[in-house]
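Structure record follows, encoded as structure tokens.
Per-chain residue numbering starts at 1, and chain names A, B, C and D are given in the order in which the chains are listed.
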Amino acid sequence: MADVKKHDTPMCDELKTGNWPSFVDDLEQRGLAGKQECLDLLGQLELSYKHKETHWKHGGIVGVFGYGGGVIGRYSDVPDKYPSIAHFHTVRLNQTSSKFYSSAYLRKLCEIWDYRGSGMTNFHGSTGDIILLGTKSNQLEPIFYDVTHQLGTDLGGSGSNLRTPAGCIGKSRCEYACIDSEAICYDLTQTFQDELHRPAFPYKFKFKVSGCPNDCVAAIARSDCSIIGTWKDDIRIDQSAVQAYVNGELKPNAGAHSDRDWGKFDIQKEVIDLCPTKCMWMEGKDLKIDNRECTRCMHCINIMPVALRPGVNTGATILLGAKAPILDGAQLSSLAIPFIRMEPPYDEFKDFVGKIWDWWMEEGKNRERFGELMQRQSLQKLIKMAELTPIPQMIKEPRSNPYVFWSAEEVEGGWERDVKAFRSRHAA
Amino acid sequence: MNEYFEQQKELYGDNYGFNISEIINKPYDKDLPSKLYDPKKPMQNRMTDIGPPHFFQFLPPVIQRNHGKWKHHEIVQPGVIKYVSETGETCFAVRCGSARLITTDLIREIAEIADKFCDGSVRWTTRNNIEFHVETEGQLRALLDDLNGRKFPGGSSKFPVGGTGASVTNIVHTQGWVHCHTPAIDASGVVKAVMDDLYEYFDSHKLPAQVRIALACCLNMCGAVHCSDIAILGVHRKPPLVEDDRITGVCELPLAVAACPTGAIRPISIDTESGGKKKTVRVNEEKCMFCGNCYTMCPAMPLADGEGDGVAILVGGKISNRISAPKFSKLVIPFIPNEPPRWDSTVKIVRNIVEVYSSSANKYERLGEWAERIGWERFFEKCEIPFTEKSIDDYRLAYDTYHTTTQFKWSIHTDNL
Amino acid sequence: MNEYFEQQKELYGDNYGFNISEIINKPYDKDLPSKLYDPKKPMQNRMTDIGPPHFFQFLPPVIQRNHGKWKHHEIVQPGVIKYVSETGETCFAVRCGSARLITTDLIREIAEIADKFCDGSVRWTTRNNIEFHVETEGQLRALLDDLNGRKFPGGSSKFPVGGTGASVTNIVHTQGWVHCHTPAIDASGVVKAVMDDLYEYFDSHKLPAQVRIALACCLNMCGAVHCSDIAILGVHRKPPLVEDDRITGVCELPLAVAACPTGAIRPISIDTESGGKKKTVRVNEEKCMFCGNCYTMCPAMPLADGEGDGVAILVGGKISNRISAPKFSKLVIPFIPNEPPRWDSTVKIVRNIVEVYSSSANKYERLGEWAERIGWERFFEKCEIPFTEKSIDDYRLAYDTYHTTTQFKWSIHTDNL
Amino acid sequence: MADVKKHDTPMCDELKTGNWPSFVDDLEQRGLAGKQECLDLLGQLELSYKHKETHWKHGGIVGVFGYGGGVIGRYSDVPDKYPSIAHFHTVRLNQTSSKFYSSAYLRKLCEIWDYRGSGMTNFHGSTGDIILLGTKSNQLEPIFYDVTHQLGTDLGGSGSNLRTPAGCIGKSRCEYACIDSEAICYDLTQTFQDELHRPAFPYKFKFKVSGCPNDCVAAIARSDCSIIGTWKDDIRIDQSAVQAYVNGELKPNAGAHSDRDWGKFDIQKEVIDLCPTKCMWMEGKDLKIDNRECTRCMHCINIMPVALRPGVNTGATILLGAKAPILDGAQLSSLAIPFIRMEPPYDEFKDFVGKIWDWWMEEGKNRERFGELMQRQSLQKLIKMAELTPIPQMIKEPRSNPYVFWSAEEVEGGWERDVKAFRSRHAA
């Protein structure tokens, strides 16, 4: 056993029981196997459990040469007690598109991290990065050289720059994928490395790519630019498989409800009545869909994946502006482009991104997210700056207030008016 | 080679990350940085903007062969999904819970399992679960048995299988007291406590629909709890301290002042002991809503306080576009004290919401859809959650949450009228 | 006497208005004011705060007897409702359209009809229709015949019967060019033109549900068009003129500045011809949204302009709590020029919306419920209304109207993508 | 024929045809019968039709002694052309509760108005008043003496005061009335005559009273304080009448859809499925309602008025703050009190009104409507000032942002904190 010091952590220890994987046990084992950082972290966490307060200082600015992000500086405010974690910076790495790795890759990563860091990680961070949790300032450059040269992997984002894009598993494993979310995620990450590493934005910016409206990467809630697969043609129907569901030969929702007796599958109640647009009906044994009325919510497809499949004329819906509540309140992304082809090299999409970034970099205030700019300057402004066409799909409903802006050019006779002429018709 | 991968390669030229095993398979050279890096010539030997390796190389062979060709799937048991391809091939995905905060040793163990059963491939989901892929029923059973046997010394599972279908899957969460400077609560500890308690819903399909739980340790909401079925949110309740002594040294005062969304911070001058003047700020405490944005901008304005900080619970959010549109989570419990190490009250309250929902909602109905269908008055009644004025919006778009109809239900709240 | 009325009397003591016929039946004494009123002693003989007469005295006898006892009703034909009381008595209400802007001579004619058929009683509805009440089928027929025969010289009906059930009833409206200082459109003329055109929907029950139309001649919306199935709204499109010459004489400049919701008005000083300085204001025209609030506060800032002003159409509002909650009307056509005397384009557009709605909505479905069910993209498509950015909200609560889901329908607007 | 001058009004004349009552014909006839004002008004309207602009000057302040409202000053801006309407002030009179009048009352009114005014009226104004349309300044005091002494009627409101309350026809004729909307309207009008006549508010204030949630006086959209009848007990059901509807003996919705063939009445489709809470079902021939889940939307009752009636335990729901868009955008009224008894003398309700007025008069800015104050200072403030209990019925949904205010008293240990103590636990 290595030469390490274990702190007394009675409270943390209570988190060893129960069935869910215990990070305490994991850390303790790793610590006892030679990583003092893990034990010191548990020690400091125990102190936090006692004080009910964090023991990390306000982050300092640290990083690697030439990059404006990728490292989060962190220092303990009780360094004397836990010296091995006095410096405890995190390093963010670009994850792979759908977070597949080889064992060799992981092992190499572990070697690097055991040598240069705490041995603790987050697989993965909320944005999607691989998070290497805790190292010292003097290790940052070596880590950078290690991961680039020896792991073929670059740093992720932090600060006012693009963050590592993320996507769902998409075509690797999912039959619903209308776009190649992994390839798009890869392409955007590569294309925008400069934006990722050298902060030039008013604030952070995130891309997320989901292959279909189920949105398994939470793009609509968590990315400034949400790319979500969809289709324009008809849902593909295999009527015999529909019957197999009706007859109970196939399990509804692919078995997602297997541990409770919900009664016999009822296509009317469980599919047709729940369709939000009520655009489905049975005609004898055939399931019919009025596809023009369908809003592609995925429900019927989710319920009967063997019988129904998205159409084949596919592309993406682009929505903009999602963010957490700071400062103006949380936003979901709002529809900007109802349908755009997403085939490499994605030029049309990238042109669009260029336009919205130009606008934001021109007009965005310091620490103003893209969604806040949209709110402050209006959807009309977005439409103008991104050269979009206003369409009703962009809104939930038309405005109810009458406070419409007009420009002089739109109004017959313009805005030049003559007080005298007015008063000649109307005595004051 | 695979056609798809060839096409991808063509698109990106001979990008560094396209032949990843060549790089990876070289042994780790600890001294490489010191050989390559010279602080005086930092650009020398520096490799930048390479991005991540191309994902395709890491896919298991069956997935490489069937990329883009999957036809349908079936969840054969909680945590195990069988995929069928147009080519006729099949693949089983096995999903395991994970603490997310994991050590290199645990990652090595994962690598070992991947080597043993999965041609060395493994992945993580968007909710931080681990997924292994095998091709045959036989491999599947062997893998499951293996996973089942792996426990931590304290008895917890290393790789609990579940999280598919109508279940509670992994809790998306954040750093908490393990790494961040602004948290009002811990993250990992709360998640462990809640998941231990809800474990029966993780490895079964007995809920009306999926229940997605998220945790964020402060209002920055890195866990993106704003659209979760159940959200556990760390909140402060005491206004920031102002450290007059060091504020000018560590903050740009105008930035601190501008940071406050409610305009609660104003700059002032105070007399120093030496008879001079010193600039600092004051907080109009009545206007403070404890968002912490001032502390983000200024280290001399800490909010954290053992008594002041705790948990708020929000419910009813969702992300998918299935049936109903994505929704925000709504604040139903404004405060529960921090109770380390197992956050008993929080755990109890979350379980209660899950159980009341489970017993009352329709099949396929998400928590928020259920609450909206029965009405929020009924939600509070059924869950026995006291309604407080804290649940009433008073921020920017508050008017849109006012109740502008006579349509409401009688409930425990009106029974005495 | 009637028990209910006695109770009411008891409550209010011997309030002046409780024996109204005594007052009314005295002949009108034109000279009374000059006898009673002395400008030097204005309080002398002044009677104040008496309010209106108590309504009960004006009710037809059958209603007095059955006040509070009505059991159910039936619309026996458009414009005629039969009420049945718990006492077994019945009463027919006959509803007649009215221009609302009516003369004393027409009121006298109404009084004459009331005397002839209704024991001298008549009422107006909350939408300015006239209602007569009779007790028997025979009286009903006689009344209807009489009403039917009354025409203006130009041929229009004086008392068209209708406006009940699934119809277009009277248009709630405002002053327009007949009396107000801020209108962008006329009221009475537009209403006449639209109702002439929609007359077939006034005296029939062939719509899916009631269609309530309202008109307001400026953004003050005295017609409360903000919650109507179809709203005709007068809008300005040119920023206010500023009359530097007289503004300080007629306005308090700070009030004018404060009046602007967008902060478009700022005070300035200009040089006078005589070399002095004069205070006035300037409008940042880019920020003006033509609300007219500055003109309300300041007569020297008129907005009215023959070319600039016209009609906006809003649709889909409702007031009742039936099935769905009350809703605001939404702006679907930002501008139609003023076309006196018959506002042909406006009339055509309103009819088109009514007809498309009528042919597509479900039974009982209000216009706004229909539009929401089919989706606004489909509404614009079906009604062949061009969608413009003017329909997109950019005011205070705009975010809540953004479309935050991938759920939408393909429509003419997306067909070329 | 009297000595009057008719102007040439070709455009106005086009409004004589068509079936809807022609105000032009009415005015012209009245004019030709001796009222020059009517003809001058048509003349000026013709000019407006030509210019497409109003020809009324910005209103001047006129009124009767001791009252701060009830008269709207109005002057022509082309007085030379139309001298009889050079002054053209309107006088607003308190209408009766449900706008019933006797012929004698109307005739007397006409006599007064022919003598002292233009002979033109609005029956009624949008707020509900009787509007006497057009008179001269020197007639105002005489009119006031006439209407009070000889018509038993007072002036209505204008300016920053209470406006004449209005109500639906209620118990006079409607079987749905859960409260006596007419009596309440009368009582409020009488009780608050002082507020009606002597402006003491920041801006206008309107009461409207509807007997049931059908809201036939548009209270929820058009009054700062909306009083809407409702019931707490069960919907009364006459099962045999239900059957009469099912069998087609009674017409659904009392015949409101008589002129179109909508097919046979289908209680499932037309009532049960449309119930917003889905709290109804058939049990054999019986219609059942789970009344606790009913939101009293009135739909089922509207459809089958012979079979269903509101409960008998009745009162009102009070909602606050409706208004037109100036300045902050339109508002519908928002729920403040879910249920309150409304029996004379309405003390509990009036206490409540007193409290909200006190708050508004204390805190409201000039020209700030009550609803705008609610928005600016929050529902929480309303709850506090009106001594209400916060209940979920007040909101559509709980807040989604986490920006909660706490007071020092609510927080353990209060807000007094010691920097030194903090820094003793946490090194800076």
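In this section, a contact is a pair of C-beta atoms (placed from the backbone, for glycine too) under 8 Å apart; a residue touches a chain by one contact, two chains touch by 3 or more.
Predicted, not measured: the structure shown is a model, and the values here were computed from it.
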Quiz item: Which one of the chains is farthest from chain C, going by Cα centres?
Solution: B
Exercise. Check B-D against C-D and say which one is joined by more contacting C-beta pairs.
Key: C-D
Self-check item: CA centroid of chain B to CA centroid of chain D, Å
Solution: 49
Practice problem: Please compute the C-alpha centroid of chain A, do the same for chain B, then give the distance between them in whole Å. | Solution: 11
Quiz prompt | Centre distance in Å when chain B and chain C are each reduced to the mean of their C-alpha atoms | solution = 52
Quiz item: So which bits of chain A are touching at least two other chains?
Solution: 51, 53, 55, 57, 213, 215, 220, 228, 276, 296-297, 325, 329-330, 332, 400-403, 426, 428
Practice problem: At least two other chains touched by the same residue of chain B: list those residues. | Solution: 219, 221, 226, 261, 291, 299, 302, 305, 307, 321, 326, 328, 395-397, 399-400, 404-407
Quiz item: For chain A, which residues are in contact with chain D within the complex?
Solution: 51, 53, 55, 57, 77-79, 325, 329-330, 400-403, 425-428
Self-check item: chain B to chain D touching residues, read off their complex
Solution: 219, 221, 226, 233, 235, 237-239, 241-243, 245-246, 261, 285, 288-291, 299-300, 302, 305, 307-308, 312, 314, 316-317, 328-332, 334-335, 337, 372, 374-380, 387-396, 398-411, 413-414, 417
Quiz item: Of all residues in chain A, which touch chain C in the complex?
Solution: 213, 215, 220, 228, 230, 232, 276-277, 292-297, 317, 319, 321, 331-335, 338-340, 375, 378-380, 383, 389-406, 408, 410-413, 415, 417, 419, 422-423, 426, 428
Self-check item: Complex interface listing, chain B residues touching chain C
Solution: 321, 325-326, 397, 399-400, 404-407
